[in-house]
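Would you mind keeping the following structure in view while I ask a few things?
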Amino acid sequence: MYHKSACEGFQCEQQLLESSLSQADAGLGVVERLVGWLRQRSLFVLAYGTGCGAIEMRPLMTSRFDAERFGIIGAATPRQADVLVISGYLAIKTLKRVIRSYEQMQEPKYVIALGSCTINGGMYWDSYNTIKCLDHYIPVDMYVNGCMPRPESLIEGFSALQARIGRGEPSGYQRYRDNIDWYKANQRRVLGDNMPPAYTYDWYSGGAV
Amino acid sequence: MEFSASPIWFIALPMLAAFSSPLWVRWRVLDQLLLGIPLGLLLLALGLFATVQQAPLIETIVIAPPLGIHLHLDSAALLLVALFCFAVTLVAAFLWHGATETHLRGRQPFVLILLLLAGGNGLVLTGDLFNLYVFLEIAGISAYVLTAVRDDRPALAAGLKYLIIGSVAGVFFLLAVVLIYLQTGQLNMAAVAQAFAEIPPAMQGLIAVLALIGLGIKSELFPFNFWVPDVYRGSDPAITALFSGLLVKAFLFVLVHLAVLIWIDPEIARIWLMTLGALTLMVAELAALRQDEMRRMLAYSSLGQIGLILLAFGFLHESTAAGAFFHLISHTLAKLLLFLVAALLLRRVLSLHLDALTGAGRVYPLTVGLFVVGALCILGLPPLSGFMSKLWILQGFAAAQTFWPIALILVAALIEAGYYFRWIRVLYAPAAASAVTDSKTSKTAPESWATYAPLLLLVGLMLLLGIAPFVIEGALVDAARALLDRDLLIQSVLGVAAQ
Amino acid sequence: MLHILLDSLAMIALCYVMGFLFRGFYRQFNARLQRRWGPSIWQNFYDNLKFLLKSETLIHGPMFFFGPIIIAAGAITTVLFIPFLKDSIWLQGVSAHGNLILIIYLLVVGPLGNALAVGSSGNPFGVMGVTRGLTRLMGLEVPFFLGLALVMLQHETASVQAIMAAQDSIAHWNLITNPLAFAVILLPFIASQNGSPFDVVGAPVEVYAGPRVEFGGRLLGVLMTQNMMMTVAKLVLMVDLFLGGASNIFELIAKAFALFLLTTAISATFPRLKTEQTVDFFWTVPLGVAVLGVILNVWLI
Amino acid sequence: MTTNRPLLLKLLFLAVSLTPTLTLLTWDGAWVWPLFGEFELLFQLEPLAAFFLLLLALGAPLVALPMARGTPDVPTYALFVLLLLGMQVLLLAGDFIGLFIGWEIMTWSSYLLLIRSTRATLEGAQTYILFNLASAFLLLAGLLVFYSATGDFQIAALTEASTAQRWAVFVLLGLAFLVKVGVLPLHRWIPLGYDQAPDLFSAVLAGLISKMGVYGLLLLPTLFPDALAGLAGRWLNGPTAGYGLAWIGAITAIVATFKAISQQDIKRLLAYSSIAQLGYVLTALGVGSSLAVGGAILQTLVHTLVKLLLFITFAGIILQTGQRRFNDLGHLIDRMPVAFFAVLIGIIGLAGMPPLPGFAAKYLVFVGLIDARWLLLLAAMMLSSTAAFIYCYRLIYGPFLGHANSPEARDATEAPMSYLIPQIVLMGLLVLLGIFPGWAIEIIVDPVLTALNLAPIGAPSWGELATPYGGYDGVILMTVFGSAFVIVTALFWLARGQLRRAGSPYDLSFAGEVPTADMPLHYGAGMGRELRRIPLIGWILAHTTTGIQAGLTRQTLATAGLLGGLYRRDPQTWILLAVLVLASVPTLLLLNGGNS
């Protein structure tokens, strides 16, 4: 089932991280730089209010923090969104919807995970029905830690992400595409029979139109 | 030629054949005769058209009018006589060459049908009031017995009812004749017509009312036609076809003829006749809306058409009268067709009730198709003759700038369409009723073409008259003139007497 | 031929540039009203290009793909049938072969092509949005068309160029000579721009982005492009009809901007109406004014 | 021999369906058939009738082709032939009797064709025939009044009649034709009839038979020259009598459009849309100017083509799926692409969108209304024609887009070839007329206008539609749109990035959820429900004429029952009545006599 048999568990993640970092210096042409610059100027955010972090996301659009000045604006549907923001802890029930939303976004797409819960489970480290490490299920591009992070740190996270996009660094969606079997196996482990139907992801392995 | 041209044959020949029929033993011969006699008379009538157009034929019996009895064959009478002969020929062909029920194929119906023909012809031809009464009774009695000829409970009840009401009508008419005779001392119509003006007005009114009630019952006019649905329902449809196609027409003609001839003031006659016609038309058409039995429905429809014909005759206008004659013909054609179709259906399906006939059109396409054609003709839809006759009547009214009868006729036609098309829709309903699917046909042999030949002939005639009405235009106009020209008639009858 | 090609390209380019600048201005304006800094004036350009440069686009069948293309083609056609300048051979497109009624109907091609594509996706929220859109269209077209008819009646022609030519001085602007028609048209015009009190069609959250719910990637980019072009095309049409047209490109931009400022101010002031409120509003207030205008124009004058 | 019989029958049927074409091409001169008295039928081909004969010549073979499919249904063939005969008689007739004969043959043969459908209910069939016969009898009454005024049945101007006679003729004939066209309170037979008729025959009903009403209405200007203005003077720039007609048409169009939006059945929706479309025609005829009448004629042509196309296409869909409600179809676009394009072209024509000729027709009508300064009518027409977008959208969304909602819709296949050929021909005609509106004006519309003593519209070139108010060029419009379409598509394909088709129709943005087949996703099928919240539309949709009709039927039947009650079954009552009459009449007479 595993895409790569040379590793197991945490080793795999380590390898993945290293391999993606190793590509970071890949030479970029002018066009790619321009495209990256344009992309980082405009981020449509699909804010997934899974946990208490949702309350910190509202002020982002208000006059005080005004994320719009960075080109960050909310999107209503995943089809139009570039960034998926997971705000806080993620129950297993919610995970299915998050995966669905993530897969519906059009590439290039990015994930920002808010708060400690998405990193290691946070205060829910021993809960039976929350996931502990989001990156096992969908590829996270940027963690913003804290419990909860303030809007300022959120904006900081966005800026960092923008910088990465502008530099044309490879991002999570490529990882997801390359390692779809691994991600699916992880997802299946927690979701069990509750997995979304095959048609929602089998195209990752097949060709495009 | 002189011998064959006599109008007496129209009465004498059927009567002779009827009364001498017991002399034959084998009814196979009757079969041929029943068809042959009316057919012969029809040919004779057709041959006479040219002669009569010149001058009416008058056949005096024993003594010349005004003292004696005479037969008066003018264009109007000839048209009706030809129609009657045709109707009887057709019904006879239907009865005796199709697979008819046995009770309609013996000596008894043979005698009665021929007597009916004789009576009808006599009513139209006679020029004498008492003679008229005699023919009225001949036609009446043969009709009563024909109604009951099936000899089961409903037929006998209908026959009895017909007998009672028919006799009452006879009494009324006889009273009128007696009063006329007492007042004028005359029985010859032409002579009475001359003398009628001298009777006191009150007595004139009384006589008129008596005659109107008598003939009104017989010719099925509104306040006197309550017996019709029962009788039509009780008797055999093939026989009813004759009543509706022959008998009523004869009485109606007599009524109009007497009204024109005897009543001096055409205005009053017009009011009475048109009111009666309009009432009959509207009441019958409305009442027909809720009929769920085919023969009753056809009976009401027949009443409505009679009302329409009377309305047109009653206008006492040459154009409408010609149209009325035309409508009389096309109504006879259509009603013959419809009643014969009903007879055909009755042979196969146990009941002619609306529910029992649901979906019959999908089982018997030809028979029900013929019903549709008949209905279209009655409704006055082109290209059938009913349309031309109605158009003729309507244009007559329009030319005279009288619009209320037009409105009435059109509204009545709409109501009529309401029930005829309801029947057509039910006959063609997608799901056939069980009464239709497990009908008697499965046991009996399929109908031969001989059964349908008379019906198809009727359809052909309707089409012919609907597309080319000019073929009988001359006869119709002559008939209308002959009917309405009172002076000419009196002069021709009494002129003969003077010689 | 070359002239027409160049001319057409110039018109399309002008429309596009004006479109994203105006839209950017709109966002700036709104932000300032809300005491924010707001995005840069180029933001719409970035957004549009970002979508056009998306590396993945999901479609739901051929009609879903062709729908936005039809809309874009319709928008380009509309732009080319509107004369931008008067007394000039430039920026005319093929407007000599069209007229006002044709333009009004071409403006509708967009919503209808959109409706086809959205229907093809099978997303119920999208179709809900389309229904709202068509309902709003039904509401706004009546006073809108009646107002335009008043103008056509006034000049006895349906040709935009002729109407423009007739307004030779500021005193002859239809805004001055026929203010009622302008008053009738203004609010339906905002609605046709999907402006604020009447923007229930694509209301995010409420109907999940409405008609655009399934569009993403480059198709959304195409839709945004045509939207910006249509915004400008409609503004130019209004300038032609009511503000006397423009003799040069700067005058055109100035007048269009003035008009845009007016509609923006109105949009920024009023909260959103429900669909049926929108229709009912159009059939009472602007239509009432329009009937008044008809009575004044046809019977009294 | 026996094996060939069905084929021979079908070939014969198809050959007969070409008779209108033959008549159109070969009929010249006048043919007289005597009736009675001085009346005779005169058959000649006037330009106005030739236009309608052209519609017939187009429509008859196109409907006959799919009709001839399957086992031969001889009664249907015969009735269809009769129908064609009736319509040709109607059109060729130079006098009112011939017109009426054709009218009636058309009426009853179409009724008999209608009840061959298994779906025809008693109510539907009765409504159809009674409304149509009422129309026919009104026509008869009108032509009798005409006869009483002129002494002749020839169709000619009614010049020497009194005002009362003129109004009587106008009202009676007008009502007769309006019933056929189906204006508002008299429309009920249309939704019932079109819905219940055999599917292909609905195309004839909507495309051809209803046009005979339009033909009748176009005869009115012949009877009342100067575009009805002689009847009651002028109002603004048009005839007053026409103003009334135009409002009837406009209100019909509005109400019928809203009714159409709220229908759940495809054929009923198309029926209401027919009413609405012919409402436009009526409005245009009311204006009576050259532009408006030209628009009306073009609209008639377009409506015929569109309704033939739509009804034949939907007949094919019903044939393949057995479903006819919006809720039961869906997502046929992949399985029936030709039908999809047919309906797409059809609704573009129906909605009057450029570049199809429906727009040219609407354009002429609009300009005619502006020219007549009847702006409120213009607003009313605009309302109905934009509301029409909604039902047009339902027509394409319900069956073709969205989700398949029944097993039949899930695995339907394209209709047989005999359905596809007419669809393709009609699509081609519509597109052709759309690109060359000037050609349509010159070849089709102008001869009719000339025959009606109106100024021809004319066209500078085939592609161009020109009016005093300006015009447009169909060729350029199509070129620009086509090039734009091609260029945008090309640019799209040239740009980088991949295009991916969703793996399933259920791959939707659905708030993170994964919708399943049993969810009610086919939202647009019930489109129009929320329109009820708009006061005007809610009021219109809440009211019907069904109640009036049912009430009238009930009252008539009650009267019938009452009168039927007179026909008692006991002879003594009959005799009693006779005696009573006998007793009363002389008494009355004596009383009268005593007084005088």
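In this document, chain identifiers A, B, C and D correspond to the written order of the chains, with residue numbering beginning at 1 in each.
As a convention for this text, a residue touches a chain if its C-beta (ideal position, glycine included) is under 8 Å from a C-beta of that chain, and two chains touch if they have at least 3 such contacts.
Just so we're clear, the structure is a prediction, and the values are computed from it rather than from any experiment.
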Q: Kindly indicate the chain pair that has more C-beta pairs in contact than all others.
A: C-D
Q | Closest chain to global C-alpha mean, per-chain Cα centroids | A | D
(Q) As a quick test, compute the distance in whole Å between the mean CA positions of chain A and chain D. (A) 59
Q: Starting from the mean Cα coordinates of chain C and chain D, work out the distance between those two points in Å.
A: 35
(Q) Can you compute the centre-to-centre distance for chain B and chain C, using the mean CA position of each chain? Integer Å is fine. (A) 78
Q: Between chain B and chain D, tell me the centre distance in angstrom, where each centre is the average of that chain's C-alpha atoms.
A: 44
Q: Check each residue of chain B and list the ones that touch at least two other chains.
A: none
Q) Got the chain D residues that touch at least 2 other chains? A) 498-501, 507, 509, 511
**Q.** Junction residues of chain C - those touching two or more other chains
**A.** 53-59, 208, 213-214, 217
Q: Return all touching chain pairs.
A: A-C, A-D, B-D, C-D
Q | Of chain D, residues touching chain C in the complex | A | 236, 331, 333-334, 344, 351-354, 359, 363, 366-367, 370, 373, 375-376, 378-379, 382-383, 386-387, 389-390, 393, 396-397, 400-403, 464, 467-473, 476-477, 480-481, 484-485, 488-489, 492, 495-502, 505, 507-511, 520-524, 527-528, 530-531, 533-536
Q | In the complex, chain A residues that touch chain D | A | 77-79, 96-98, 100-101, 104, 196-197, 199-200, 202-203, 208-209
Q: Under the touch definition given earlier, write down the residues of chain C that touch chain A in their complex.
A: 27, 31, 34-40, 43, 46-47, 49-50, 53-59, 204-205, 208-209, 212-217, 220
Q) Which residues, counting only chain C, touch chain D once they are in their complex? A) 52-63, 65-66, 69-70, 72-74, 76-77, 80-81, 94, 97-102, 105-106, 108-109, 111-112, 115-116, 119-125, 127-128, 130-131, 134-135, 137-138, 141-143, 145-146, 149-150, 152-153, 156-159, 162, 208, 213-214, 217-218, 222, 275-276, 279-280, 283, 287, 290-291, 294, 297-298
Q | Interface residues, chain D side, partner chain B - complex | A | 34-37, 39, 75, 97, 100-101, 104-105, 107-108, 111-112, 115-116, 118-120, 122, 125-126, 129-130, 133-134, 137, 140-141, 144-145, 147-148, 151, 556-557, 559-561, 563-564, 566-569, 571, 573-575, 577-578, 581-582, 585-586, 589-590, 593
